[in-house]
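I have a structure I would like to understand better, so I am pasting it below and will then ask my questions one at a time.
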Amino acid sequence: MAEQERRQRIIDEVTAASWVTDGMTIAVGAPPPMALLRQLIRRGIKELTVIDSGLSLDLLIAAGCVRKVITYYAGGGFGVPVVPSFRRAAERGEIEVWECEEGILTAGLQAAAQLLPFLPWRGGVGTSLPEVNPDLKLFSDPIRGETLLAVPAIKPDIALLHAATADAYGNVQHYGGPGWLDLFLYRAADRTIVQVERVVANEDIRRDPWATTIAGADAIVRAPYGAHPFSSRGFYVQDTAHLREYLDAATAAVQSGHTEQLTHYLNYYCREPVTHGDYLERIGVKRLLTLYEY
Amino acid sequence: MAEQERRQRIIDEVTAASWVTDGMTIAVGAPPPMALLRQLIRRGIKELTVIDSGLSLDLLIAAGCVRKVITYYAGGGFGVPVVPSFRRAAERGEIEVWECEEGILTAGLQAAAQLLPFLPWRGGVGTSLPEVNPDLKLFSDPIRGETLLAVPAIKPDIALLHAATADAYGNVQHYGGPGWLDLFLYRAADRTIVQVERVVANEDIRRDPWATTIAGADAIVRAPYGAHPFSSRGFYVQDTAHLREYLDAATAAVQSGHTEQLTHYLNYYCREPVTHGDYLERIGVKRLLTLYEY
Amino acid sequence: MAHDYSVQELMAVVLARDLSDGEVLRVGVAMPVVEAAVRLAHLMHGPNMELIFFGVRMNVAHLHTVPLPAFAWDRRVVRWAESYSDTGHRFDRLKDWHNHVFFVGGVQVDPYGNTNLIGVGPEYRRLHFRGPGSVGTATLSTHVGRYYIVLNSHSRRIFVERCDYISAYGWGTGGADARRRLGLPGGGPRYCLTPLGVLDFAEESKRMRLHSLHPGVSREEVQAHTGFQLVMPEQIPTTVPPTVEELHVLRTRVDPQGVLRR
Amino acid sequence: MAHDYSVQELMAVVLARDLSDGEVLRVGVAMPVVEAAVRLAHLMHGPNMELIFFGVRMNVAHLHTVPLPAFAWDRRVVRWAESYSDTGHRFDRLKDWHNHVFFVGGVQVDPYGNTNLIGVGPEYRRLHFRGPGSVGTATLSTHVGRYYIVLNSHSRRIFVERCDYISAYGWGTGGADARRRLGLPGGGPRYCLTPLGVLDFAEESKRMRLHSLHPGVSREEVQAHTGFQLVMPEQIPTTVPPTVEELHVLRTRVDPQGVLRR
């Protein structure tokens, strides 16, 4: 009998980022897998279509990686109604926006996951969404003749996610449930890379199989503190000061054309660190440890 | 300030069964909530439309409760390819069968849950299903013109489920994941009654909120051993001898017209015991304890 | 003192009074008035309410204090959860949403309660102001039993004759059957709450109407800050101020940090 | 001894050989030959196979014995699970199923591999034989990369010129493009395994063809038990019997209770 081992799926963040090439459609989970996103910025990836929301979306736009955005929400927190780089790029027409909404995006991802050309959705009937996004078609349902939206399949090339734990074979578990759309991004995407706080034994996964949220990621990246400056349930809270630092820098670049602060941010935190470990060194252990506070 | 308490949702199995009236559509989970089903038989409920499969479906038919069946599978285990009472009633036209399939039934339940008149499905294209079930309509999708099945919404009046635990407020948790279609039955049904092995404290539920599979059952029925003679994950295995006793009785009634054994089964186990406790007394503690064996 | 309250506290109290026991309250991002209102109602008269913050579903009527969460995606809001649903699965039981209540903001609101979170400007590809996007409001406004439009300011920039874009459908171009004609099962917007007053929708026309004036505000002031003609009843009551008890519960059990007084 | 094996053991071995490492194998109810075959392949040459029994997904290549489960809905099959999916959520990632393999039975099978689990008789409302129903075969046969038709007996009652009803679409009325024309993404049926031999489908016509004869069975015998004309190549090899090693692994690690020898 052939002696064979089950293949492990652990790769490092540099290798993982090389799966993404210019022009791809990537889907970003919640919390955003920042270790992977920083690698994309470091590598100067361009012309991406990005399914994402909030500050991580803004960072990718600020770094020049994005051509098209599929989003339902680009609020920033901190009293910022719209994140700055997204706002300016959208207003100037530098990025294309595929206007959608939570339910509509969910339906489109589910359609892709089930190899259906579309799924019907009622939310959005009566709104401007099918006007500003002509891919959304109003149609009359074949059973009762009601007017519904036909949402076309939305198929990412790669889903990039962050989770609590995984084993070496791609079995992923979240603490307290998966983020926003993570499961739908996984189902719809051709390939899925999940960065995790901890790699655990297969036996740890099998202790509670129902807790396995993603059964078969294509690659696992070990990335402790990998969601920093965002929070990671069960591990650390968000680094508010760091997020404000980015937001101030991006706002200054957009509102007054002072790009020095933003350029510094991008270079110092995203482009110069070769590995995720190098990034964490720049944050510093003392700062990271404060984020454990409840 | 008004002193008010949060309303508890625990009722007994007799009250629960009184929610079901002749002619309703009921959806039966897996394992089947036998304490509730036996009460339906005891009460002589008639003309039900039943979403169910296997031996519990057969029992309801044998007891005369059923007019119409929505099922994707009526195999019996024990080398019995088709359960006997279902088979004869279907062949004689005594019950109507709404012919479907796992994926199609899922789509129809999901449509009801999302207040959509239909959902599209590809599985079944090319088969006889839309011929023998004219509610399933072939149509051309509005985005790419592909031929798909339109599955109409399937809406049960009441879903009857069995689970491991629940608190008094209707938060239900399963051990090792919910049964076959339980979550979809719950989502689609107007009301849901869940019988559980154990009622637990609200704090027990909150210890792992992600494990809450049904967030808000309309009623909880405390029914230890309530799935007997079927298995209940984490509590007991199936009672094979008892299932064979039923299957032999039902087969004898169908194949040779000897109905005594079946009548005895229905009377002794379903019609005479007033409560679930009375039923368990007839099974006996010693027998129940053997079912713990792994 | 009961006379000393902020307008955000007043709005929270008014909103809380309108919520009924047994309802499921879905709260979105960045709405401190709403976050406070649902907690206040829950503690005051809603032991069977369920509060849902970003998929985290809770009933915390038994707690003494329920302070505001720090941030949307924050583990700390999960501590009270009885169940959790991610975004995608949140829509698994829309059938049930007739008993759900939701709260929406807007960069524009028109006379029929249609709201816009997409942006401002005649040309979609070159907006003057790019908004945050629809979040879940298109689906929520379609399905919930009723919803509230809650705004931090009241101006002619927000209240416009026509929204440049509609992200949540209210009453369309008016008429009590506007939603039924489109097949939308939800009950539509009930009130629009602003720092100046409470607006509702006239029974037949479903055009926005002045319902009550916050203390010290005149009907002329409201109309002057509204970019379309409001329906003006003869008598317009003054919004009932917070009672001593309401303010006490709000300040000691819901908002001890005084977020609504900043 | 390698010469001493049951026909069910032979079928399991033949099936196991045709499964490739890395594939996801979906096993339905009441198919002991299939249950044994996927375990045998997994232990012999498939360390990266994933076995899915009723939503319970496992990789157990590291175990010494993997005995057959007692019953479909049995906690005991869960002990090896790495993840679990209920029936409804099983269809959440159909996109991925080109790498999945499935096994189907039938009360009727026609020359193009269409199968029937609905029933037998010209009038649907008064069937002569009411079948068990389609289970998940309509969806599975539509989407999996390939599937196998596995039958416990080989008779003219099963192999018919036309199925009275089709619950899983094979190659329709024939032709290599039959499935593509209908938009069915899956690869269709590959083999039909019976106690008499292995049948496949001719490349162009997709009509059923005799692929190999089990030891001791003649081509005439197969044809005589088949209700339609099989495509008969000039040379029909004999099914390669189990090797000593295959039988050893099967009997000591997969089926120690001898289920396949009853």
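Lettered A, B, C and D in written order, each chain numbered from 1.
FYI, contacts are C-beta pairs under 8 Å (C-beta built on N, C-alpha and C of every residue); 3 or more make two chains touch, one makes a residue touch a chain.
This is a predicted model, so every value here is computed, not measured.
Among the remaining chains, those touching subunit A as well as subunit B are C, D. Hopping across touching chains, the smallest step count from subunit C to subunit D is 2. Rounded to a whole number, the gap between the C-alpha centres of subunit A and subunit D is 40 angstrom.
Chain geometry summary: the mean Cα position of subunit A and that of subunit C are 29 Å apart. Contact with two or more other chains is made by residues 78, 81, 84-85, 91, 143, 185 of subunit D.
Among the residues of subunit A, those in touch with two or more other chains are 110, 114-115, 121-122, 146, 176-177, 183, 209-210. If you sketch which chains touch which, the pattern fits none of the simple shapes: not an open path, not a single ring, not a star, and not all-to-all.
Looking at which chains touch one another, you get A-B, A-C, A-D, B-C, B-D.
By the touch criterion given at the top, residues 29-30, 55, 70-76, 78, 81, 84-91, 94, 107, 116, 118-119, 124-143, 163, 165-169, 172, 179, 182-185 of subunit C touch subunit A in their complex. Subunit A contributes residues 30-31, 53, 71-75, 77, 79, 81-82, 86-87, 90-93, 97, 99-104, 106, 109-110, 121-129, 131-132, 146-147, 176-184, 230-231, 233-234, 237-238, 294 to its touches with subunit C in the complex. Of all residues in subunit D, those touching subunit A in their complex are 21, 43-45, 47-48, 50, 56-57, 59, 61-62, 78, 80-85, 91-95, 143, 185, 245, 249.
Across the complex, subunit A is touched by residues 114-122, 137, 139, 141-144, 146, 148, 150, 152, 174, 176-177, 209-211 of subunit B. Across the complex, subunit C is touched by residues 1-2, 4-7, 110, 112-115, 155, 167, 169, 171, 183, 186-188, 202, 205-206, 209-210, 212, 215-216 of subunit B.
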